[in-house]
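Alright, structures below, take your time with them.
Common to both upcoming complexes is chain A, partnered first by chain B, then by chain C.
Moving on to the complex of A and B:
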C-alpha cells in the first residue's frame, strides 16, 4: 500500500490549507444552529408592566411581588399622559391599577372592580395579563371558600401558579405524523460548499501530485501493477472524502445532540451521496493536471458557483427560473432539492427524494466515465508517443 | 560466453510519417556500462520507452534477461531501475520518505526495504539530509536523491537517461563515480547522454544513434579506429600563405589543413612524426609560430565523421 500511504502523506500536507474552510463552516453552522434552536424551543416570555397599588395592603403587595417574579416591572409616574406615552412607545406592555379596597373585596369573594388598567386593545399582553389576574383571583377565592385564611389562600395560589410545565415543540408533517422539531436542514444546506472546497483543494491536489508526469513515468516503470496503483489512489481519495464527511456529521451531532432524529438520516445519506459526486469531480479535474494556482481558482469557482446557483447560499425560492433551469445541470441543485424536501421546505415524497439521490449518482457515474475517457487519451502510449514526436520535431 | 541482458531486434517505431526507430538492433551484455549516444530526436528516449514497454512499437522484439518484455512483465520490471533526466520526486515527502516510496514499489518487505533505503542514502551521500524536503535541497543534492530513488531496490539493470543535465561539475563527477560503483557492484548500466566526455569516461561500449538508426557500435577505441582522423594538430600562426598551406596538405598521412583566425588545423590519418614534418615545413619557410598542440580523436570527431554533424552543436 505504498501509493496509498504516500497519498495520505501528501493529503496531510495539503490539509492545512483546507482547514480554513472547515473553520468558517463550523462558525456559520454554530450561528445557524443557535438561531434554529432558539426558534424550536419553548421559553415563557416576560412582559414589561407597571403597577399602581392604590390599596397598599399586604394582599395587594403580595400580588405586586408575585407579578414581579414573571414580569419586568417598570417605574412610571402615575399620570395618564405618562402611562399612555409609555404604552405608545412600547416601554411597557400593560399598566395595572390595583384599586383601593382590593383586599377587602378579595376576602369577601367579590371579583368586580378589583383592577383598573391601561393597555393596547386586543394585544397579546392584554389578554395574557387579564387571564393571569382572572386565574389569580379565582384561585384565591377558591381557597377562601375552602376555609383557608387570606394569607394561606394567597400562598397556595402563588404556589399553584408557579408550577412550570415541560413544553416540547412538535412538528406535524404532511402525512400527519408528529415528531420533534429539530432544524437539521440549516446545517446540511451549507454542507455542499465545504465539501466542494475541502475535497477539491485536498484530493484534487493530491491526485495531481501523484500523477505528475515524471512521477507517473517512474511508477509505470516499476513492478507495481497498474490495477493496484489505480485501486490505491481511489481508496486513498475515498477514505479522505469519507473521513471529511464523517467529521462534518459528527460536528453536527456536537452542535445539536438531537440533530439526527427521524428524517435527518435521509439528509445524512444525501450528504454522503453528494460527497461521492464531488470526489468523482475531483478525480476528473485532477486528470487535467492544472497548476496549483489554477486549481485554487477552480475550487473557488466551483464552490461558490454551485453554492450560489443551486440554492446553497440563497434559498431556492428566491432564484429566478432561468437560474434554476441552469442549476438543474449541477449536482448541488439536486442535493439542495432533496435536502429541502426532507426538511419539508418543498412538498415531501420519499420517491422524489430518492429521485434526487439517483440523479446525483448519475452525475457521479457520468463524471467517472468522462474521467476514464480523459485518462485514456492523456496517459495512453499514443500520448507518450506524441510527446516524443514533438521533441523529435523540435530538435 | 557473455550473458545478454538486453536484446533489441529490428525495432521499428513510427509516428505517422516520421520514423523514430528504423530497424534498430542492439545487444547489451551483463556487467557492461553501455552508452547510447546521439542528439535529441535521434531515438534514444524512444528506445528507452520501448525497452520499458511504456511505448508500443510497430515491429521488432525486445528481450530483457532472456524474457520477452511486455507492459505486464512485472518480474522483469522488478530488476530494472530507471533514473530520468527530470527529477521525479514528491515535494511533500522527505528525502527518506521519497526513497522509501519508490523502493516500496519494488520491495514489499518493510525491514528489507528499510535497510535498502539506508544503503541508498549512504550511497548518494544524503545522510545529513534524510529529513529534508526536496525544496530545501540544492540542484546537485536533488539529482542525488533522484538517483537514490531509482537504485534503492538494487536493480540488476539500471537505465540512466541523461542524469547529469544541468548539474554542476562537482555533482556530475560524483554521479559518474556512483554509476561506476553500481557497475562494480554487479549492475548492468544503460547510459544515454549527449555529453561525449561522460560517455567516454564511464562507458565500456557505445552505440551512436542518428535519425533512429544505429550508425556505429563498439568500445571507444573501436569507434575511434572506425574514422580516418587519428590526430589533429593545431598551430597558432600569424599568417600562412596558400602556397605553404598546400605544401602541408601534400605531406603524407595529412588529409586536411585549414587556416582560420590565426590558427592552422591539420587533420592526420595514421602515420608517425606528423607534427615534426609540419613544423619542418614552417621552419623551412621561415614562418614563426606560437603555441602548438595535438589532440587524439574524440567521440565528437567520430560522430562528426560518421554523421557529418557535430553532436554538441545540435544540443547547446
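Moving on to the complex of A and C:
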C-alpha cells in the first residue's frame, strides 16, 4: 500500500488550507442554528423604525409608544445623509417624521399630511407602515366622530388595533414529526460549497502530485501492478472524501442536538451521494493536470459558481427561470432540490427525492466515464511516447 | 533607464498567469455569480409588489368580499385575490403561487407558509378588517345615531396621512453593494503586483532581485519604474472590471458611470501601494508575504461587505472609524456615494482618503526598502 500511504502524506500536507473552510463553515453554522428556533410558529416581522417627533405632544408620544409595541424604535441622527445610509443598509426600515401640529390636526379630523416619511424606495416596509398609519388615523377619527374625547379615542384605537388574528402555518402539524426542520436543513443546504472547496482543493492537488510526470514514470517502471496502483489512488481519494463527509455529518448531529431520525437520514444519504459526485469530479479535473494557480481558480469558480447557480447561497425561488434551467445541468441543483423537498420547503414526495438521487448518481457515472476516456487518451502509450519525444526534442 | 525598466515590467506583467487569473478571470466569474444570485433578489423581496392571496369562502361574507373588490379594483392594488376552495388554495400556497390563504367565515383567519414581511402585511390586513368591524360595533352600541357617519368615515378613501420625502435619485438596491465590493476586491488584489516590485528589487528575495541589485540602475529609479508599471497594469484591470460589470452584466451604477472609472483606478493604485508597502516591510520570504497579504486584503473586503452585504453597517455601528480607513470600505463607499448622493462632497472626500492612504503606503514602502543592499541584508 505504498501509493496509498504516500497519497495520505500528500493530503495531510494540503489539509490545513481545507481546514480553514471547515472551521469557518462550522462557526457560521453554530451562529445560525443558535439564532434559529425549532418550532414552526408564525411570528410577525418587526421593523426598525426611527421617529422624528416634531410635534412632541402627548398624542404624538402615544403614537410613538404604540408603534414601538410591535416594532423596534431606533435612534438615528437627524441628518439627511445619516438617514439615507441607515435606510440603504437596512439598519432602519422606515424613517417617520411626525409633523408639527399633528395633535391639532388629528383632533380637528384632518387626515392629510400628518406625517412625512423619508423615502428611498417603494418597499414592503414603507407600504406596510404607511397603511398602518392610515389605519391608526382613520380609527382615531372614527372614535372622535362617535363623540369621544381625544384621549379616549386614542385609547380605544389602541385597544382595537391590538387584536391579534390567528395565523396558521401550512403543514404546522407535520413539522413536528418530520425530524428535519427548515432551519436545520440550512446546514445541509450550505454543505455543497464546503464539500466542493475541501474535496477539490485537497484531493485534486494530491492526485496531481501523484500524477506528476517523473513520479508517474517511476511508478510505471516499478513492479506494482497497474490495477493495484489505480485501486490505491481511488481508495485514498474516497477514504478522504468519506472522512470529510463523516466529520460534517457528526458535527451536524451535534448542532441538531440529537441523532438523526426519520427523514433526516434521507438528507444524510443525499449529502453522501453528492460528495461521491464531487469526488468523481475531482478525479476528472486532476486527470487534466492543471497547474497550481489554475487549480485554485477552478476550485473557486466551481465552488462559488455551483453554489450561486444552484440555490445553495440564495434560495432557489430567488433565481430567474433561465438560471434555473441552466442549473439543471449541474449536480448541486438536484442536491438542493432533494434537500428542499426533505425539509418540506417544496412539496415532499419520496419518488421525487429518489429521482434526484438517481440523477446525481448518473452525474457521478458520467464523470467517471469521461475520466476513463480522458485517462485513456492522455496516458496511453502513444501519447506518452509523443510527450517523451517532445521532451527530448526540447532538451 | 526608467523607460527600459518600465517596458520590461509591463512585459513581465503580461506574461504572469496569476495576474490574468486573479485580476481578470476570477472577478469576471464572481461577477457573473453575483449577477445570477443578486440580480433579481431586490425586486423579488424588498421592492413592493402586489401580494397574491387566495381566499376561501367558508360561509357567505358579502362585506369582506366588497372590501376585497374595492382593493383589487384600485389602480395599484395591494392584493391580487384568487378565490378557491380549501384544497386548491393549499396547493397554490404550497407551490408558492400565493403568499397566504384567508379563510373568510364568521371570523377571518389566515394561513401562510413562510415568516416574512408580505405575510405580516396580510396579517395586518386581516386585522384591519376586524378592527373596522369592531369600531362599527362600538359605534352602534355607544352612539347609534352617528353610526352611519362613522361607517362613511371609515370606508371613504381618504388621502394618505403620510407624505413621502424623497432622498435620492440613485439605485436603492442594497445588493449592488456586492458589485462595489467586487471592484474593491480587484483593487486590493493589486497588492500582489505591488509586492513583486520589492521582490524583484531585493537581492535576498529572488534571483531577479540579485540581478537587479548589481545593475547600475539607481534603486529609486527601478522602484519607481516598477510602481509605474504596476499602476498601469492595475489600471487596465480596473477599467476592464468596471466595464464588464457596467456593460456586460448591466449593473446600475447610478447616473454618473464615468466617475466610477477614476474612483476604481484610484482604488487600484491604493491596492498596488499596499502590496508595495507590505512587500518591503519585513525580511520574510515571498510565500509568507503572499499569505499575509491575501489574508489581510480578504479581511478588509469581508469587513467592507464582500461576503455579507450589511457587514459595513454593523461595523459602522460599532467601530465607525474603521470604515473611514479600511481601504476596501473606502473604495466601495466611493461608488456608493456616487450612486446615492446628489452632491460630490462625500465622493471627493473618499477619493482624497484613497490618495492619502496611497501616499502613506508608497512613502513607507520607500523608507523601508531604502538601504537594503547586499551589505545590510
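Here is the rule we go by: the second predicted complex is superposed on the first by the 239 of 395 C-alpha atoms of A that agree within 3 Å, B and C clash if a C-alpha of one lies under 4 Å from a C-alpha of the other, contacts with A are read in each partner's own complex, and residues count from 1 in each chain.
By our rule, a contact is a pair of C-beta atoms (placed from the backbone, for glycine too) under 8 Å apart; a residue touches a chain by one contact, two chains touch by 3 or more.
Predicted model, so just to flag it, every value in this text is computed and none were measured.
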Next on the checklist: On the A-aligned overlay, A:288 touches which partner chain: chain B = first, chain C = second, or both, or neither?
Outcome noted: neither
Next on the checklist: After the superposition on A, what does A:369 contact: first (chain B), second (chain C), both or neither?
Outcome noted: neither
Checklist entry - Touch check for A:265: first (chain B), second (chain C), both, or neither? => result neither
Next on the checklist: Just checking: does A:83 make contact with chain B only, chain C only, both, or neither of them? Give me first, second, both or neither.
Outcome noted: second
Checklist entry - What is the contact status of A:254 with respect to chain B (first) and chain C (second): first, second, both, or neither? => result neither
Checklist entry - Can A:147 be said to touch chain B (first), chain C (second), both, or neither? => result second
Next on the checklist: I'd like to check the shared interface: which positions of chain A are touched by both chain B and chain C across the two complexes?
Outcome noted: none
Checklist entry - Which of the residues in chain A end up touching chain C in this complex? => result 42-45, 47, 80-81, 83-85, 87-91, 96-97, 111-128, 130-135, 137-139, 141-143, 145-147, 156, 160-161, 163-171, 291, 293-294, 297, 300-301, 304-305, 307-309, 313-314, 317-320, 323, 347
Checklist entry - Given the complex with chain B, which residues does chain A contribute to the contact? => result 2, 5-6, 9-10, 13-14, 209, 212, 214-215, 217-225, 381, 384-386, 388-389, 391-395
Item to check | Footprint of chain A on chain B - complex, ascending | outcome: 15-16, 18, 20, 39-41, 43, 45-46, 49, 52, 54-56, 72, 74-75, 77-78, 80, 82, 84, 86-93, 97, 101-102, 104-106, 149-150, 314
Checklist entry - For chain C, which residues count as touching chain A in their complex? => result 17-18, 21-22, 25-26, 29-30, 32-34, 36-41, 44-48, 78, 90, 93-96, 108-113, 115-121, 123-128, 130-131, 134-135, 138-139, 142-143, 146, 149-150, 153-154, 158-168, 172, 174, 310, 312-313, 316-317, 336, 340-341, 346
